[in-house]
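The letters A, B and C name the chains in turn, as written, and every chain counts its residues from 1.
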Amino acid sequence: MKDEGGRRKAAVSWRRTRGLTDTPFHYCPGCSHGVIHRLVAEVLDELGVLEKTVGICPVGCAVFAYNYFNCDMIEAAHGRAPAVATGVKRVLPDRVVFTYQGDGDLAAIGTAEIVHAAARSERFTTIFVNNAVYGMTGGQMAPTTLLGQKTTTTPAGREVSVAGFPLKVAELMATLDGAVYVARVSVHSPKHILQAKRAIREAFKVQLDGLGFALVEVLSACPTNWGLAPPDALRWVEEKMIPVYPLGKFKVPEEIS
Amino acid sequence: MRFYGGKAPVNKILMKGNEAFGEGAIRAGCRFFFGYPITPQSELPHYLAWRLPEVGGLYLQAESEIAAINMVYGAAAAGVRVMTSSSSPGISLMMEGISYIACAELPCVIVNIMRGGPGLGNIAPSQADYFQAVKGGGHGDYRLLVLAPASVQEVLDLVGLAFDLADKYRNPVMVVGDGILGQMMEAVELGPAPEVKLPPKPWATTGTAGRKTRNIINSLYIEPEELEKVNLRLQAKYRQMAEEEKRWEDYRMEDAELVLAAFGMVARIAKAVVDRLRAEGIPAGLVRPITLYPFPDGAFERAAGKARAFLTVEMNAGQMVEDVRLAVCGRRPVYFYGRTGGMLTTVAEVAARAREIWEGLK
Amino acid sequence: MLEEVLLAGFGGQGILSTGMLLAYAALAEGLHVAWIPSYGPEMRGGTANCGVTVSDAPISSPLVVEPTTLIAMNGPSLDRFEPAVKPGGLIIYNASLINRRPVRADVRALAVRANEIAEGIGNVQVAANVMLGAFLELTRVASLGKAGEALAKVLPPRRHHLIPANLRALEEGARIAREAGTKERMKAMNKVWGQNSEFRIQKPE
């Protein structure tokens, strides 16, 4: 494997991507946000679109993402990133626009915004980070919290009779005609990280080709709020989350498949 | 009123207030509108839905007022003139976004065709959103510039001004009307469309191409020291607005001893009251605030010199009257007359109340 | 000059566009105008109405609360708004649908069988403009000519083939008002001279 410069990949794998600023991440040890940030940043850099990209941050652990992505950024209200992205992209159709949202932001308070942006097939890309918990506010139950999973608001574990079922966002979005690219990936192992990057790249390609709305759901570890050591948290993604949230591409437009 | 045959608007035509809001925006160079249906402002989006595409603009119906105001946030961040409109309950939903826009210092114009409240209320005309418009409405220490036109011609003129002020101060501007102003038709002078010079917006998030630094549109300042600085900057901006932007109309105020205060459509009724009282020999006058924020307190301060009493008339339970009282500062009695729930104040009712007050002064 | 006209009837009788026609005609005469569709509690009760204010001075309150003229296209409208008409004002009522006279003694009243006349012209939808023709003849707020010219502004292009019918409606309404004016004078003079006077004026045939 060589990169564009013909260098062995291992030799440059630690180079800081131009897609990220020099600001150190504030994320907890073992949190997957850092990896996911890096994947998005690398893809934007590799596609050569950094200078014409506008990113929209969520409210949640990634609220400071505007400090990290090395492009113009907008901080949105909780859940409203898809509406803000709609405004930007409709005004600047030749720019690359993405939202970066967590599960509380996208799948609870912002459900209407993401569903309708997808239904309108807005030409932007959404990176949806699912870690099955509200991180920043203190480990409360998220719409994607697994049945039986303990959180600060489901101390005995999420129970169907009280809190209902986890929301399967990728499957839900795939039912919408306007969502033309929908994939679920994970970043708990090097192999999965590479797959995740390919999906993220495809989701931005879909936008660059003007094909419609694209969403990549990324399963993410939250050792702090899960109460697990980082390696255990990664195992938990594999053993507990993936059976509920199966990985795969739910929708791929013919043009890029 | 549609301009049939697709011709350019000509001089002196009849126009509905709601349509004048739309045409005023287009003449001000606004090409983007995001909204959500609600009565009684419907003619505004109806008008822009065909008129904006005609001038190469975009009308987009959002899934909610919450989404609409956030689309406005995005479009304003991208550097264009953008507008939304709604009526009272919808404006309540927008309050979150408006607070963010105010802190992020983005220019935009928000129209509120006020209806009866609270709650779902009704669709009849009202001025019950005065507090919400001028005192904040959303969370945090922020202010909107608030304009209150009283005729269809003034709608056209003030919407243009609203866009200019929004850009000048990088602040959201709200233009308030009521169902009557929105629904009524009056003659307007359109004249040739003014040439709009949009100010440069080097802060806009348009991609870093051609720029050395990144632009960030944000309202999050986690360090208290930082957020206080932001607030101090905002407050300085509001003080500048107060110095430079107060607007009002004096009507028969030369020797007025009984001073009526009213804004928007009610001020039209109050003018008729003043005429009636004058015909009866009562020296009445009217101060009509055109900017509700900043409030033209100087006009009332000055009026308090000759005036023996004030009567504030509103289509609400008494909101602007508080600002009139602050301006008059206890020097003269300030009375209130209002109707709520969509009931209209009539000339006869207001005149009767005014006579009562005048008799009491003897 | 200040005319505050209230036009009222059922939805679908063309009330709003007839009000608009009046506004456009008066505007063409160089007058100040304001047109307001039904508002307030009056919105209820099956009547559609609009107020048109016409003045040679800028209009302060555009709300028509005490109309100088009521144009009533149906019974409920006459019932509802007759008491509001200014003393000395005018009521023009559609005698095709209203089978009573106004009870007010302090206003002038004119009956117009607008539906029959409109049907005679070939389109019942022009009935409200028959009423407007009568109003313009009695008040001279605007000329029939200006009203005729304004039809092209009020009617959408797909209805422009109805302009001739609407012109006839305006003219018919004006003719009835003229004749009634003669009748009114007749009645007034007969009152002065006494019913049995040999100078009793006869109804023109």
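To be clear about the criterion, a residue touches a chain if its C-beta (ideal position, glycine included) is under 8 Å from a C-beta of that chain, and two chains touch if they have at least 3 such contacts.
Small disclaimer: the values here were computed from a predicted structure and weren't measured.
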| item | value |
| --- | --- |
| Greatest separation from subunit A - chain, by CA centre | C |
| Per-chain Cα centre nearest the global Cα centre, belonging to chain | B |
| Geometric centre distance via CA averages, subunit C-subunit B, whole Å | 37 |
| Whole-Å separation of chain centres (CA-atom averages), subunit A against subunit C | 67 |
| Between subunit B and subunit A, distance of the C-alpha-averaged centres to the nearest whole Å | 40 |
| Junction residues of subunit A - those touching two or more other chains | none |
| Subunit B contact footprint on subunit C (complex, rising order) | 20, 23-24, 27, 32-37, 39-41, 43, 59-63, 65-66, 153, 156-157 |
| In the complex with subunit A, residue positions of subunit B that touch it | 32, 34, 58, 60, 62-64, 66-68, 70-80, 82, 96-97, 100, 104, 205-209, 214-220 |
| Residues of subunit A defined as touching subunit B within the complex | 21, 50-54, 56, 63-64, 66, 70-77, 80, 83-92, 95-96, 112-113, 115-116 |
| Interfacial residue positions of subunit B with respect to subunit C in the complex | 2, 4-5, 12, 14, 124-125, 179-180, 183-187, 268-269, 271-272, 275, 342-344, 346-348 |
